[in-house]
Every structure is written in C-alpha cells, then in structure tokens.
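Consider the two complexes below, in which subunit A is the common component and subunit B and subunit C are the respective partners.
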Partner chain A sequence: MINVKMLYYPGCSVKRNALEYEKKTLEILSKIGIEVYELDNWYCCGAFYSLAKDDLMKHIGGLRTLIKAQVQARKHGTNKLLTLCPMCYNVLKRVNHMLRENPENLDTLALFMDEEEKYTIGIEVLHLLEVLRDNIDKLKRLVVTEVKDVVVAPYYGCTVLRPREIAFDNAENPEVMDNILRALKIEVIEFPFKTECCGAYQSVFNRKIVFEKSGEILEEAAVRGANIITVICPLCKYNLETTLLSLGKKLRIEIVYLTDLLSRATGP
Partner chain B sequence: MSVASVTVSRREILKPKMVKIYVMGREYLVPEGLTIHKALEYAGFRLIRGVGCRGGFCGACATLYRKPGEYKLRIALACQNVVEDGMYLVVLPYTPIPRVKYKLESLKPDVGLVLKLYPEIARCVACNTCTKACPQGLQVMDAIQAIKRGDLAKAADLTFDCIACGICSMRCPAEIRHANIFHLVRRIYGKYMSPKPRHLEDRIKEIEQGKYREELEKLKQASVDELKKLYASRVIEPEE
Partner chain C sequence: MSEVLNRVVEYSGKNPYACYQCGTCSAVCPMVRFMDIPPHRAIRLLQIGAGAFVLSSNTIWICVSCMRCVDRCPRDVAPGVVFEALRLITLRQGIDKLKYEEISNIEEAPTLAIVSASRKLTG
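For the complex of A and B:
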C-alpha cells in the first residue's frame, strides 16, 4: 500500500477533552495507509476567525501554525495539514485563504513576525471528513464486522461547511458523512437537522440557548428513529451530551465521534 | 611631526572612553563598559527602586531601551547589561501584576483552574511579543500555549528560570499576568504532579520523631565561643 503522509494539527480541544476521538481517528488513518506527523510545536488557532477586515492581530495564531507546518512540511515531504476539530479547520483554512487573496496582509504580518520565516502559502488544510471521503474504498476493505442495531443521525455542525470558500460540501444538505457511513453498511436516517446550530459557545454564557438548540436536534433524531448521533466536533459533542443529561433518561440516544463508530465496524 | 608633540599623559591613557546615554530623556556621559546600574550610579542616581540582588536573579531591574535609529524596543536587566552609545533607557521601578489569591491545598490541578484564576490566558493571540521581551530567553508564549492546552508540566518546565521581572506582562497585548500564572503552574506541578522525593519524606519523619532535638538543645545552651568553634569545624558535605 502506498502510504500518504500528512502533518497533523490537533488543537486544544482535542488534546484536552477529546483524546479518545484523536486515538480512534489516528488508528483508522494508520489502517488506511496515512502517516500522520503531529506538529512538534503548535499554537491555539484562535478558535474564531476574526471577521473585522483590519484585525490582523487575531490571525497571527493561525499564521504561526501554518509557518510551523511549512517548516515541518520540508522535513516530512508533505504539504497537507490535517485537522480533526472543525473550528481549527475553519480558522486555519480561512486564514490560509485570506492570505492567498490578500498578499498585502501577509506582508504586514511578516513584518511583525520577524522571528519567523515568511509563509509561502503552500500548506493545504484538510479536515478528517475530506480524508475519509477520499479513501472510502480503503475504508470499505477494512470492515470486519457489521454494525448491527444502529441507526445513525449524522450531525455536521456548522464550521466545516461555512463559509463557501472553505466548505467541502453543500452547507444546507451535506452528504460526506452520510456516504462514509453508508459505504460501511451502517444505517443512516434522513436528518434535516444535520447542520442546525448546537448552541456553540453559548455553553459559556447562556446554557439555556444550548439546551434549546441541542434539544431540538436530539428530539428530531429520536423522532426519526436514530439511536446514535455521529459528530466530528468536541464542542458539538459536549453540547449535545450535556443537553442529553439535562433531559434525564427521556431519550435513548448516544453521541459518538464518527471515527469511534467506524472503529466498531473496522475492528480493533 | 616631532616626537615630543605626541606625548600623552598617563591620565589621558587611563581615561575611559565615554558613551552617551539618555536616562528618562536626559543625556549623561558615562564610561563605556559599565552595567546600566553602575552607569546610573556614576551619573549620580541613588538606586532605590528598580534594583535588587544585582546578580541577575531577582528580576527587580527590568529595563526598556531603544538604540539610535531603531524602532525596536529592547529589554535588559540593568544589573546584567552594559550601556551602549546612544541608548535611550528607563529602569522600571515596579510592574503592577497583583496576585490572585488561592489556597494551594484546595486547588484541583487542571487547566480549567488556571483559566478560572487567570482568564486572560484565553486572549493570547500567539504574537510572541512576550518571548521577544524575555531577558531570560524563555519560550514565554510556548508556556502560555502549553497551559491553554492543558500541559501544565511542560509550562512548569519552560518557566523554571522565570525571574518575574514582569517585562512580558508589560508588553503583552492580551494583558496576561505571566509571572504569577507561571508561579501558580509551578506550584501546582510541585504539589500535585511531580514525583515525591523519598529522602525528603524520610527526613521530615526523622525530624518529627525528634532525632535532632537533643543536638539542637545542646546548641541552644552553647556559648558564643563554643558556637564559633563548632561553626569553623563543621562538615559541609559529609562523605559517606
């Protein structure tokens, strides 16, 4: 099997709250022949892409990580940078895009970051879903057990699909995750709430909003007969799970990372 | 040119080369090769604030300066760095970084705790200004970033040589209180995470059991002359 090399940016959430997500994901990637190299020095991406056009300071975290990736790209011979967390994906890819579209911004930042080499915009930021999509045949060959009694509502969250210039699927009706699950013969429902907001960072300021938004998602999934919601984002998982707990034992639904479910099909 | 005309007096030879420095905007001529502290004293300043151990350890003499023709704001410790010609400088008397109160015994050692006590670390934009400002050459930003992702052991290790001069905090656009945060992280690491030294526990037990009580009592009764004699003949590192 020809191995594909990728650099890997874990992000703070994955390293703090989602180590299981990382472990299962890296196992699966290694099985489909993807060699992953974690950046040896990485920084918080900023979590949010700053929308103010002149607020370049907020993009330094992202740019600094892209420069670190550029240095290590030479060492490992790959320009692909893998992310698991959708927020990291969103920020890093948008910073990359913004620098490509506005070279003068890159010059301004380079002047400030005089301790680093200049970024040549050669890094390609990827999300796990894209990588799995592109290796679906290899994934199929890995299946050892049929995952039974499982009905899945795939949940995408918002940040891998918006805005359009960084999205890899339709923002209204994405099908990447559906297709991956179906390819592994896992039952998937039609789920119109697959891109509804879970409440995101309102978990810090106003949990009521989270309970309301995530509650709708959970109930819709249950009504449609799902017993599992697959997620790709540590924050979505946190919000859906806390909401589920707040509802007591009303709903019999499990929130799992996509790769966790995949590893049930592909074996240990 | 006759030989006689180049005769230079001994005084002239010993006369040091002078450099011009600007202390808080005012010009002074001071001998080359002096540390900033010594140059200030040469210029007539009496050092009261912005001075401490004068050995590069206490962090009391944080100094900011610029060199002629440069936009860069440079940093120094006044006791460790020598004056340069054209230096524009100020020695900071104090950096306002009040400490958050906590009880080490009742803390839970995780990253959420550091964020709770010092929420500003979430504001770090990874600009690296702190690292550029550190007179100890520490990877200050890397330490803050390590805390953000929960690696307190790494942060404690990276900041072991922090002297709490406070310059990074004065330069930080996110207004992070670095020295206190690093102090907290090292305390958490020391109390909850680092392996416990067996010999220390053994020694504390010995002290509690009164192993040294008799010897101490004897010392308390001893005369000054006896003490002097004991002190002179003491064994510092007993060989086993």
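For the complex of A and C:
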C-alpha cells in the first residue's frame, strides 16, 4: 500500500480534552495508510477567526501555524495539514483563503513577525472528515465486526460547513459523515438538526442558551430513534454532554466521537 | 452618518445601507430567540442612526458568529460581521464582557470554549 503523508495540527482542546479522539483517529488513519506528522512546537491558532477588517493582527496565530507547517512540509514532503478540531480547521482555512484573496495582507502581517520565513500560501488545510471521505473504500475493507443495536444521528456543528468559501459539503444538508457511517454498515437516521447550533462558547458565558439549544438537538435525535450522536468537535461534545447530564436520565443517548464509533467497526 | 455607523463601516468593511429588510438573517439565526433585537431590525436601527440603541442590546453578545446570516445575506450586509464591529466598539474601549472569575465551569470546559469566548467577549 502506498502511504500518504500528512502534517497534523492538533490544537489545544484535542490535547487537553479529547485525547481519546486523537488516539482512535490516528489509529484509523494509520490503518488506511496515512502517515501523520504532528507539527513541532505548535501553538494556538486563535480558535475563532477574527472578522474585523482593520485588525489583521488577530490572524497571526493562524499564519504562524501555517508557516510552521510550511517549514515542516519540506522535511516530510507533503503540503497537507490535517486538523481534527473543526475550529482549528475553520480558522486555518479561512486565514489561508484570506491571504490568497488579499496577498497584500501578507506583507502587513510580516511586519509583526521577525523570526518566521515568508508564507507562500502553499499549505492545504484538511479536516479529518475530508480525509475519511476520500479513503472510504479503504475504510470499508477494514470492517471486521458489524456494529449492532446502534442508531446514529450524525451531528456536524457549524464550523466545517460555514462560511461557504471554506466548506467541503453542503451547509444545508451535509452528508459526508452520513456516507462514512453508512459505508461501514452503521444505521444512520435522517437528522434535520445535524447543523443546528449547540450554543458554542456560550457554555462559559450564558449556559442557559447552551442547555436550550443542545437540549433541542438531543431531543430531536431521541425522538427519531437514535441512541448515539456522533460528533467531531470537542466543544459540541462538551455542550451536548453537559446538557444531557442536566436533563437527568430522561434520554437514553450517548455522545461519541465519529472515530470512536468507526473503531468499534474496524476492531482494535 | 452617525458615529456608530462610521465605525461599523470602518471595522467591518460592510455597508448596512445596502440592507433591504428581507429578514433572512433573523429567519436563519439560531440565537434569535435569545436576542433583545433580531438581526434585521438591528441593521435597520443602524440605518436610521439609532446605533447606540443596538450597542446597548444583548443581541451582539448573544451572536456566536456561526456565519449562517453571512452566507445567506442577499445584499452582503452580513449581520454576523457587522455585529463583530459593534462588539469591537465596546471592547476597544477596554470594557470586557466576559468575567473570568464568574465562569463556574472554567476547569472542565474545553480550552477552545474559553479561548473563543475570550476572542469574542474581551478586548
């Protein structure tokens, strides 16, 4: 099997709150022939893309990460940068896109940096879902057990699908995750709340909003007969899980990372 | 043009006067029910020089920049981007909305919740 090489940017939450997500994901990627190289000394991407037009400084976290990837791209011979966290994906891809559209911004941003080399806008930012989608045939061959008694509501969140210039699937009705699960013979429901907002960072500001928004997602999934919600984001998972806890034992539903469920089908 | 509107244009690069009040933003907003003023009305208030009223509403702090209204706005007014500019008018005066000592779940919440809230709610 020809191995594909990829650089990997984990980001803060994967390393602090979602180590299992990372472990299971890297196992699956290695099984489908993807060699992953974690960036050395990576730092914060910024978590949320700044929308202010007059303040480019807020993009420095993202740009520095991309430059770091560029340096290590030469060493490993690949320009692909893999992310697991959709927020990292969103920020890095938008910074990349912004620089491609407005290369003059690169000169302004270079004024803030002394040590780094010039960025040539050559890094391709990828999210895990895209990689799994492109390797769906290899994934199918890995299936060793049929995952039984599981009915899944796939939940995408918002940052891999919006804004449209960085989306890799239809923001109204994404099907990437549905198709991956179906390919592994896992039962998937039609889930109209698959891109509904979980409440995002309001969990540290106005938690009532999160409980209400995430509560609706959970209830809709339960009403439609799902017993598992698959997620790809540490924040979605936290919001859905804390909401589930706040509801007591009312709903029989489990929140799991997509790759956790995939590894149940593909074995240890 | 009012002072608030000037700043909005400067910070966001968007033109609130292009809005023709179709209401798409308020229809697609996942947070609209928690807001004092729905997005389309906030834009209308900016047009008539009542920006200060929008600044004092909770609307701009409830918005989590999910980009739904931005993707769908037929006039590229992009309320989600305008709201960032409105937040910055307050934040750039050194007034923070998020008080770290009031976050009860700061230990258990994922790091990215705290970083992103800091990005949106502090200067």
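Operating definition for what follows: the second predicted complex is superposed on the first by the 268 of 268 C-alpha atoms of A that agree within 3 Å, B and C clash if a C-alpha of one lies under 4 Å from a C-alpha of the other, contacts with A are read in each partner's own complex, and residues count from 1 in each chain.
The rule is simple: a residue touches a chain if its C-beta (ideal position, glycine included) is under 8 Å from a C-beta of that chain, and two chains touch if they have at least 3 such contacts.
Note that the structure is predicted; figures quoted are calculated from it, not measured.
Contacts of A:Glu115 after superposition: subunit B is touched, whereas subunit C is not reached.
Once the two complexes are laid over each other on the shared chain, residue contacts for A:Pro154 go to neither subunit B nor subunit C. Residue contacts after overlaying the shared chain place A:Cys44 against subunit B and subunit C alike. Set against each other, subunit B and subunit C differ in how many residues of subunit A they touch, and the higher count belongs to C. Judged by the touch definition given at the top, the superposed model places A:Pro174 against neither subunit B nor subunit C.
In the overlay built on the shared chain, the residue A:Ile60 is in contact with subunit B alone; subunit C does not reach it. Residue contacts after overlaying the shared chain place A:Cys12 against subunit B and subunit C alike.
Of the two partner chains placed by superposition, only subunit C is touched by A:Tyr238; subunit B is not.
Contacts of subunit A with subunit B, set against its contacts with subunit C after fitting on chain A, overlap at residues 12, 16, 44, 46, 58. Every residue of subunit C that touches subunit A in the complex is listed here, in rising order: 10-13, 30-31, 34, 61-62, 64-68, 70-71, 80-81, 84-85, 88, 97-98, 103, 105-106, 108-117, 119-121. On subunit B, the positions that touch subunit A within their shared complex are 111, 124-128, 131-132, 141-142, 145, 148-151, 173.
Residues 12, 15-16, 41-44, 46, 57-58, 60-61, 64, 112-113, 115 of subunit A are the ones that touch subunit B when the two sit in their complex. Considering their complex, residues 11-13, 16-18, 44, 46-55, 58, 85, 87, 158, 162-164, 171, 196-197, 199-207, 209, 213, 234-235, 238, 242 of subunit A touch subunit C.
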